[in-house]
Each structure stands twice: as structure tokens, then as C-alpha cells.
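Chains here go by letter, A, B, C and D, matching the order in which they are written, and residues are numbered from 1 within each.
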Amino acid sequence: MIKAAVVGATGYAGAELVRILAGHPNVDLAMITSRQYAGERFDAIYPALAGQVDLRCEAYDAKKACAAADVIFLALPHKLPMAFVPELIAQGKKVVDLSADFRFQDAAAYEAAYQPHSARELLPKSVYGLCEVYTDRIKAADLIGNPGCYPTSVLLPLVPLLKAGWLNPDSLIADSKSGVSGAGRSLSLTTHFCEVHDSFKAYKVAEHRHAPEMNAILGDAVGTPVHITFVPHLVPMSRGMQTTVYADLNEKVADDDIRSCLKAFYRERPFVRICPGDRPPDAAHVRGTNYCDIGFKVDLAANRLVLLSAIDNLVKGAAGQAVQNMNLMTGLDETAGLMQVPYPI
Amino acid sequence: MIKAAVVGATGYAGAELVRILAGHPNVDLAMITSRQYAGERFDAIYPALAGQVDLRCEAYDAKKACAAADVIFLALPHKLPMAFVPELIAQGKKVVDLSADFRFQDAAAYEAAYQPHSARELLPKSVYGLCEVYTDRIKAADLIGNPGCYPTSVLLPLVPLLKAGWLNPDSLIADSKSGVSGAGRSLSLTTHFCEVHDSFKAYKVAEHRHAPEMNAILGDAVGTPVHITFVPHLVPMSRGMQTTVYADLNEKVADDDIRSCLKAFYRERPFVRICPGDRPPDAAHVRGTNYCDIGFKVDLAANRLVLLSAIDNLVKGAAGQAVQNMNLMTGLDETAGLMQVPYPI
Amino acid sequence: MIKAAVVGATGYAGAELVRILAGHPNVDLAMITSRQYAGERFDAIYPALAGQVDLRCEAYDAKKACAAADVIFLALPHKLPMAFVPELIAQGKKVVDLSADFRFQDAAAYEAAYQPHSARELLPKSVYGLCEVYTDRIKAADLIGNPGCYPTSVLLPLVPLLKAGWLNPDSLIADSKSGVSGAGRSLSLTTHFCEVHDSFKAYKVAEHRHAPEMNAILGDAVGTPVHITFVPHLVPMSRGMQTTVYADLNEKVADDDIRSCLKAFYRERPFVRICPGDRPPDAAHVRGTNYCDIGFKVDLAANRLVLLSAIDNLVKGAAGQAVQNMNLMTGLDETAGLMQVPYPI
Amino acid sequence: MIKAAVVGATGYAGAELVRILAGHPNVDLAMITSRQYAGERFDAIYPALAGQVDLRCEAYDAKKACAAADVIFLALPHKLPMAFVPELIAQGKKVVDLSADFRFQDAAAYEAAYQPHSARELLPKSVYGLCEVYTDRIKAADLIGNPGCYPTSVLLPLVPLLKAGWLNPDSLIADSKSGVSGAGRSLSLTTHFCEVHDSFKAYKVAEHRHAPEMNAILGDAVGTPVHITFVPHLVPMSRGMQTTVYADLNEKVADDDIRSCLKAFYRERPFVRICPGDRPPDAAHVRGTNYCDIGFKVDLAANRLVLLSAIDNLVKGAAGQAVQNMNLMTGLDETAGLMQVPYPI
């Protein structure tokens, strides 16, 4: 059994980690921490889990965490992890960080979007945890920068086709739509029921911090710098994310070619499902799962490709992919703990 | 491994049975049937399950069902099951019927609420599958009339206290609120998104067919005929049910007494959770689970008890309880296949 | 033209007052105040009203308010109004207070539910603004305690039948369901989208502060003290309220008698609609309107009456009724400014 | 007073026409028709309007309609209007058709997307009723092809900037998101609450019939054929539409230039609101109104413009624009009947 700790267990991504790890057949969830709820039972904060999770939140203490766990998940706001991680790595722990702090190999790119980085020396060791793209590097890693939800939904459909050379990298546009849980559990008018319900709007138009993260990985795929136009929107649903990507085709490519390329790339990857042509991916169909559903359509008259993806922002977009990374890092089956049968509706 | 069949697998309760049975460690889901979708893959109808359920719907055929399965679940509109069940029982199968057809021991009570019963001879053999109340009879049964969702939510909080003699049986009122999936997948203006969203209303006020079902079991608990005033309401959510029961107290009873009584009655029952006094049951906390959460409050000035319960109408209110019944009937652990860790939100 | 001011214009009830008064044909909305947003344009806070309301929020100043307006609406948390109102009344203004501060004639009842009252001398002058019940007193009043949303939805169906003597006053139960806007615009986990969406629960079971307010008016109707069991619930919708009232009948009364009694009582009241027997009131049908829809059903076997009502908690439950009170107090047509045609869905 | 008739009054667009016309100060709503509900009261179908609309639905009869009304609104599925309109025009009536039948000047374009056109001779007389773009032609018209909801949301932000010559017409992409009422009141799994709620998906990707309609008007704006890539999505809300348009800039253009261009184009148009730069248009802010809110952002690194718009699909996207067209055709103030103050939430 792998002993695991979740640091920051009471935010939505942290709570989702608790859910998955509590049901993981190869994991002993040994410790959960929360600054805000230290000393409280987890099921007092998330009563759904009463009877299944019998843990109390503790205040974070690096020594205790290292004593308790082999794998440590950090589900904290960015900036905190770069302060915590060096000690954990020095103690020989495996770390999956769900913040942006270890997603960039290039400290300058991180610092342009966030703030000065205080653990730059670890960046070369860290691996971007997009499981289906960096599998081998993840297997060998001790430190994972777990991808953002938006980048996961944009990169999984795009990377195979960019690598095939069929897309004009200057033409990339991603129009993403996220459920409200993406904004976290903190209080703000933005997440007030009456302000979100029956509302639909874009936000941080072409200036969201997930765009540089996408650009880095897209650039890695094509070998030259890439700039994607990225516009996120807020959907009145709790979980789920749907992304529509637009890209000009370099040549005449048919729907069948696209399908073959994606199928080949993801042939052995259990969490990517390529949808039939007449059924675009639906956030409802991946709710609560670690799947990424992908669809597509060539707009022949424009010689433009439309790529579509759906994930659960809290699972494949956060906690699920984090556990998938742990599975890969520790030699477990990639799907361990992540295959509960989805709800039909 | 128990071989199971689901007859009527593409309605919401049927699909939920498929979900639970596909993930059940002791079950081989051998056959699913659907009149409307015979020949089609299940995951074409419920794409969420792609990659996990690799079955096609068949047209129902009694011989084939008997050859394929030991336990047969019927998730059909009432009236069909009473035509199908006699042959299945004659063939020595165990049957869990989710319709009303085998919920009544008294044919006259059934016929007053539904229609003439064509398999009256089986009623004495059938057991009302309210698992926490009729456990021993269920363990010995071959034919289960699986309770309705409303009765489950009303009876579980009420039965222990009625048996304790504390409640005036003439004073019982149940005000229930159900998510839209309770209306099924059939098309109707009632379930049109634009007619339900931002709507809240009662329906079938004091004339819903689940009331006679409650009355029969309540009467069984007190030993005399009981009439409950039952008013169901429709909530703009997909799944979930919350019921508020009102009952006059026969004597001065305190909150602590109520708690002790409920705790004692459900001491060994894993799917009933008694909520802390400051947190009433919430449909969100049982979503996707087989739990029934129960809360209560004595209104001292009125000497009246308020009982509160929450279930998932498709799980504890239908498919989950059906599988719990199968577990009891076949000697499995009561919780087998029903303990996936709930979503925190 | 009546000059009006709204004090506390940026909460939901205050904003709704701004909406109604801005479209009122006989009103000049002269001043709006907000502590939090003083100096800001109203349409920066509520962008829906851009192009229609060209006002800035001011800090509250009694002298300025008195100079600007004839009628002053207070949409503030309780406790503030009792500090502000004496000066306004002394200056000869008409005041409609939407808080609880002037809803009770009996200071002791107020103080038991809230806090010490610092303007007790005004209570005998104040009138409970339930327009259809206290019409004549409202017409003569200078100070209105505008009813709470729950009491409005409970009292309008109950009062006529209580006055008719048909109901047992010891048997009254009100099971209410409110949209989330009833919790106001303040930030709290209770109103976080992810905690409310797909949730349904009771709260403040049999201990909500609107119960004493109901008891006072119900007692006024029957002439003896009344205690109602009141349980509010939270519905995942933004606006709207539905209440189901249960009462034992003192004698055999038929549906037709109930209908006649309600029709007679509300014959000349434009905002009460008695629903046909086959269509219970629906929160969706009164959304955005000042209507109270009422339905009912006698449960013959129990000799119990089920009364049903639906209002918009922000309109008939707050701002709409406040304007209706102003109309009555100032001799305008009762419906002025309140009759915009409702949305069909 | 203008006498008006609504043919097809019980679909969502038709019902919205009834709402607006019933409250229009210059209109006498003389007749409403419905095949399905002929003989029934309108408020039995839409109970929200009880007490305000006292009309019964009739079966459509051209003679009666011509006798009763000066202006006839057709809110019918396409194909029916081209059969009805010739007689109405021959009788000298003004007609606003909400279907696609009279939106195309070019019969071939219509027939490629729909079916053979049986009233081609009327197409040259018909005017595309995009009020802010074809104002003068609308004022002189007898027959209006009222724009589709998606085209309205795409064209209003795009046309001014295309006319300014700043955008590359080969680069146009529109990513639209619509509430469920856009699918109409007909029954289908697509609009079943449980299938839509908590769902988000694209549909008819790059093959929706509103794209040719956009192409025709965009081509008219630039003087050469245009092909836009159009992808509609379904949002779990009842009303509302948000569109995000992407277009490559031909030259360096700053946010201020875009603002000036849009402001100038819509200077005297009361229903277009240009949003501040920090607040993208929100479907919630235009709900129930005839406004089109427009926002934008230049993605400098890509030299690409992001345009954002929000409308209510049933108002500016259907019934509201239809009435605006009537106002223009009959010489009324453009805003008559369309300026009720919006709800703050």
C-alpha cells in the first residue's frame, strides 16, 4: 500500500483527491491537512463522505507529512507549493503539485504569468503531468506539475494533430467553457448562486494565466514558439469543462484522417475516448470521471479543423489526473482507483 | 459470481442498475433488455458508460433471460411485471421488481390504486423490499417488490418512531420533494427543461399513488390502518429527494430521545446515517449513493415532531435498494457494489 | 409625481425596488443609497439596468433623504431601520421598511426573536403591510412594516380560512421552499453555486424568525394565540417561493367551499390569483411578478386541508409588496407600476 | 392603435410575442392562433399570464386574420410561412415572419439549406430584419424575414468592423452558446431536463443552418462571398445566448479603435450597449430584454480580435426584434413596448 497525504484537502480539488484516494485499492490515505479547518473532521466539511472517510484535518507540518506518507499531493494556491516542495523532495518523497508552481520548465515564463519563483532549481527535475503526452517522463519523475484544467482540455485534442504537422500553429484558438467549481470554494460574487445561475459569460478574455501554460506545451510539440488565443467562459453547472479548438489546416485533411491520427496517438490510453462523428463530447458524459472525450469536424469550405473536448475539471482537470500521475510514478496500473462506473445521467 | 439481467435497462432506474451491477464485484451482468433500443449498444444511449459497459440491448425473452441469469431485475412500468414474473419465479429465478406490482400484500389495495392484478397468487410470496425494515423476510425471499422512492424516504424515518409508539398515527403528513429524474425518461412537457428550470411546484396533491403504499407499511408498523397526507413536489435538480414528515407527539419527547430511538433501530444498518442536529439532511449529500440521511427536530411549543430525510431517488429510491435487496437475498454482504466513495460536491 | 428614495439599494430587495420604481409611471426615483457602493453608478453593480437607470449610489444621510423624497424605502438589515426611522417620521415622511423592525405591534415578540427595540414608541403607529389583509390601515399609515417573504406566502392562503373558522389553529404547519435570492447578496458558503446547485435541504427547522411574525398575524386573525410549525427549505433556483400549508379541518368542508371562501375574500384584489384545481401554484408562474397564486386540496380521508401558494420572494415577498404599500398609502391605484406582463417561461 | 395577430402563439417565440404585444402601448393584440391548442385559453397554456391576457387560441384562417389585424406575426416552423404569406401580402398586410422563409434574398441559398421555395417572387420584396443594420429598408418594407437568434448575435458585433475593413473575412469564426428555449417547446430528449442539466456540448458543428444566413449578410457587408465557421453549443439555462467571434485583424488596431468604431455605428441605436472593457457581456444582463450587449478584446500577440455579444434568444433573437421591426415599419418609436426595466438578477 502506498501511503499518501493531501495537503490542502478542503478545497474542491483537495476534497476530490480525498474521494479518489479513499477509494483507491492501493493507497492508504494517511494524512489530510487544512489551514482553515485544522482539527475538524473531514465529513463535517463534506458530509457526503460521512461513514467513508474517518479523518481529521491537521495543520500542515512537513516533518509529519514526510513521516506519514510516501506520496504527497499539494492542492494549494500557487506560491505556497514552491515554499513547501524543496523539503519534501529533499526527504525523498514523491510530490504531485496541483498548482502552477511546477508546470513550467522555463522560470521566466512562470514569472511572467505569476510571481518570482523561489525554487527554480527544481524546475528541471519537475515534469509536466499531462499523462497521455509525457508518460515516460512521468514514470521516472519525483515531482509533477499537474496540468491546469483548461490546458488539459486544450492540449489533449491538439497535441497529436500538431505533431502530425497538419495545423497552422499561428491559427490556434481555444474557446473553453468551465463549470463553477473551477473557481474554487472561496467566497466571491462570481460564485454566488444568483449571479451565476442563468448566466453565461466570458472572463479574462485572451489574458487568462492558463494560456502561457498551453503555449509552452504547444511549443514543445511543434518545436517553435506558439501563441494560442484563449477565451474561457463560465457555465452554470457545478463540474465539467468543454473546449472548442479552431485551427487552420495546412493541407486538405479529411475527417477520417483526423480520426486515424487521434486513434493512433491514444491507442493505448484508457482515459481518452474518441467520440463518434455524430456525437460531440458532452461535459455530462465525463462528469465524475477521469475521461477526456474528444470529437472533431473539418469545416471543408474554410479548410479549418474544429476540435472538441470534454473533461471533468475536478477529475481529469485536477485530482484524477494527479492520481493518474501517482499511478504512473509508482508503477501501479494507470487506471487504479480511477475506474468507477460513471453515472448514466 | 451471480449472473444478473436487467429488463428495461434504458429507463433511468434501469440504467442506474446497469451502472451499479457493472461495477459490482460479485456480479456478472449477463443481459440487458430494452424494447425501444433492442439491438443497440448501451453506450450509444448512455455515452457516459463507453469503455465500461460493452453490452447490447436485447428484446425481452423469458427463456433467454432465465438461461442467462440467476437474478432478474425488472425496471418496467407497472402492469408489465405482473405478466412476466410468474414464469420467472416458476423457473426458480430470484426477481427484484422495481414497479408497484409486487409491493402490496393486499391485492385490493393495489387494485384500488393501479389496475386489476393478474398474478395475485404471487403476492403472499412477495416481500416489500425496504431493506432496513424487512431484512429477514428479504433474506428468505425469491420475489421482491422494490419500494417506491417516496415511500422509502417517508418510511425510513417514520417506522422506528411509530413502532416506539410516540407518534399519533392520525397526524402523519409527508411533504416530499423530488428531482426530475423521478418522472423518468419519457418525453413530456413536465420534464422539458424550460418548464422545470426555475420552477417549483406540488403535483398530485394528496392523491399520489405512493400514498397507499406508505399506508400499507405504516399500518403494518402500528397494527391499525393509517392514512398519511402526502404531497410531492418537483425540484429543479436531476436526482435527489428530500422529505419532511410532520407528526404529533403522543407525549413529551425530547430531541435526544428521538436520536436514541433512531440510532438503536439503525445501529447495524450501513446505509442509514443520522445527521447531527445542526445539519438537516441534504439531497446533495446523498447524490449517487445508497444512503438515507435522517434528521429531526421537536417543535416543543406544538409538541410536534419534524422528521427529515434525504435519498437519491434513483439509488436508495430505486436501483441501489434493488441491488441491496439482491445482496440480502443471495447472502452477499449487504453493501457489496454499493459503497463507492461519494462526490464531495 | 411621488419622489422616492431607496436606502440600501444594492442588496437584492433594494435592487428590485430600484427596478420597479424606475419603471413606475407615478414615481420619480430621486435617490438611492448604499454604504458599500457609495459613489458608484448603480448600473456598474447591476449591469442589466444600463441605459435605464442613470443614478449613483450615495451614502445615507437623513437630511438629504428627507429633502429628496416623500416616500422612503428602507431595504436594510434589521436593527438599522429602528435607528433611522424616527427621524424620517418626525420629518413627515412616509416610510416603508422592508426589515423586521416594524412588523410587530408587540415589542416583546420582536425582542424575543431579534434584539431590544430602540423605537418602541413607533410600533403602535406602524402597520403590518400585508396589503390584501390590512388594506384600510395601510391606506392611513405613515409607517409600514413590510412583511417577510415567508409570512406573505403563508398568510395569504391561511387568513381567509382561519377567519372563516374552518381550521383548527393548533394544527397549522407550513412547509416553505425558497429560491436562493432570499439569502441575500452577502457572501456565504450557503449561497455558493456549487453548494446549492443540485442540493435541496431544510434549514432553521422549526426555529426560523419568520414564525413569530406569522404567529402574530395568525393570532390576530383568530383572536387567540397561535403557534405554527414552520420549516423553510432552500431550492436551487434564484427567485421564487412555494409554500404548502397543512391544517386540520374543524368540520367537513369540500373543495368548492374552500374555493368560494378564497374567491370571496380576494374578490377585488388584483394580485391574488386562485388556481384551477388541477394546476397547483408554480413559482415559475409568478416569477418577476407581484402575484400570489393560491391552490388547495382537501384530503378527505384525513379531513385535512392542503393549501398551496407561490410568490416571487423578491417581488410580492419584498419589493413589489413594498411598492403596493406605497401605492395604497399615497392613494395611487394599487397596481401602479406593478403590472408588467410576465414572461411566459 | 395597431391591430396585430400572432400566428403560432404557443411556441416559445410566439408566446413571447404575446407577452410583448399584450404590454405594447400602441398595439391591440386582436388574434392569436395555434393549431395544437385551438379553442383553448392562452393562460391555460401559459398560466403566468393569467389576469393579463384574456385571449383564446384560434385555428389559423387567412381571411379572419386579415380582417382582424394590420400587422401579422408568423411564429411557425419554416415551410409553413411561404404558403401563408403571399395571401397576406396580397391583402395589403404587413408581415413579420420569424422563420427562415423570407430571410434570404437569394432563393438558391435558401433552398440549399432548407427546401424548395414556393414564394420566390416575394423574396425581392422581403427585407432582412436586422434592425440596426437595415433600418431604412425595414421602414419601407411590408415583409420582414426576422433574423435567426444566432445570426443576430454574430452579425451585430461583426458588421461594423467588417465594413470598416479591419477584419480578414476568410478568418471568421463564431462560437455561440444558447439557452435551451432555442430548441423550442417540442418534446425531444435534447430538451429533457435530466439530459440538459449539468451538461454542456456543441451540436451541428460547422453545419448549422444559421451559417448560410450569416454568410449572406456578411457577404453583403464586405461585397464578396464570406464563409464563417460556426459552432453552436447548448447551455443549461432557459433563455439567453452568448457568442464569441474570432477574426484576424488586417492591420494593427487597438481596443480604442474597436470601441470607437462600434460606438459610432450604434450611436443612435437604443438596443445596442457597448460594455466596458473589464466586463464582458453576460447573458444574464440581457435576459428578458431586447438589448444586444457587445464587448471585445484585441489579442495583440496574435493580431486577432475577439468579439463578444449577449442577447436574449427569445427577445432580440426573436420576438423582441420582430416587434422592433413592426415599430420601424409602422412609424412608431423604435423602442415602443420594448423598454420594461430589466430584472437586476
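Heads up, the rule we're going with is that a contact is a pair of C-beta atoms (placed from the backbone, for glycine too) under 8 Å apart; a residue touches a chain by one contact, two chains touch by 3 or more.
Please read these numbers as outputs of a predicted model, since none were measured by experiment.
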Neighbouring chains shared between chain B and chain C, ordered by label: A, D
Farthest-lying chain, centroid of Cα atoms versus that of chain A: C
Cα-centroid distance, chain A relative to chain D, in whole angstrom: 39
Chain A-chain B separation of Cα centroids, rounded to whole Å: 37
Mean-CA-position distance for chain C and chain A (Å): 46
Multi-partner residues of chain D (at least 2 other chains): 12, 181, 194, 197-198, 236-239, 282, 284, 287, 345
Touching residues (chain side chain D, partner chain C) in the complex: 12, 15-16, 18-20, 22-23, 46-53, 181, 198, 238-239, 270, 273, 275, 279, 282, 284-289, 291, 293, 339-345
Residues on chain C engaged by chain B in the complex (per definition of touch): 170, 173, 175, 177, 179, 194-195, 197-203, 205-207, 227, 229, 231, 233, 235-240, 242, 244, 246, 280-284, 287, 295, 297-299, 301-302, 304, 306, 308, 310, 345
Residue ranges of chain A in contact with chain C within the complex: 12, 180-181, 185, 187-189, 191-194, 196-198, 236-238
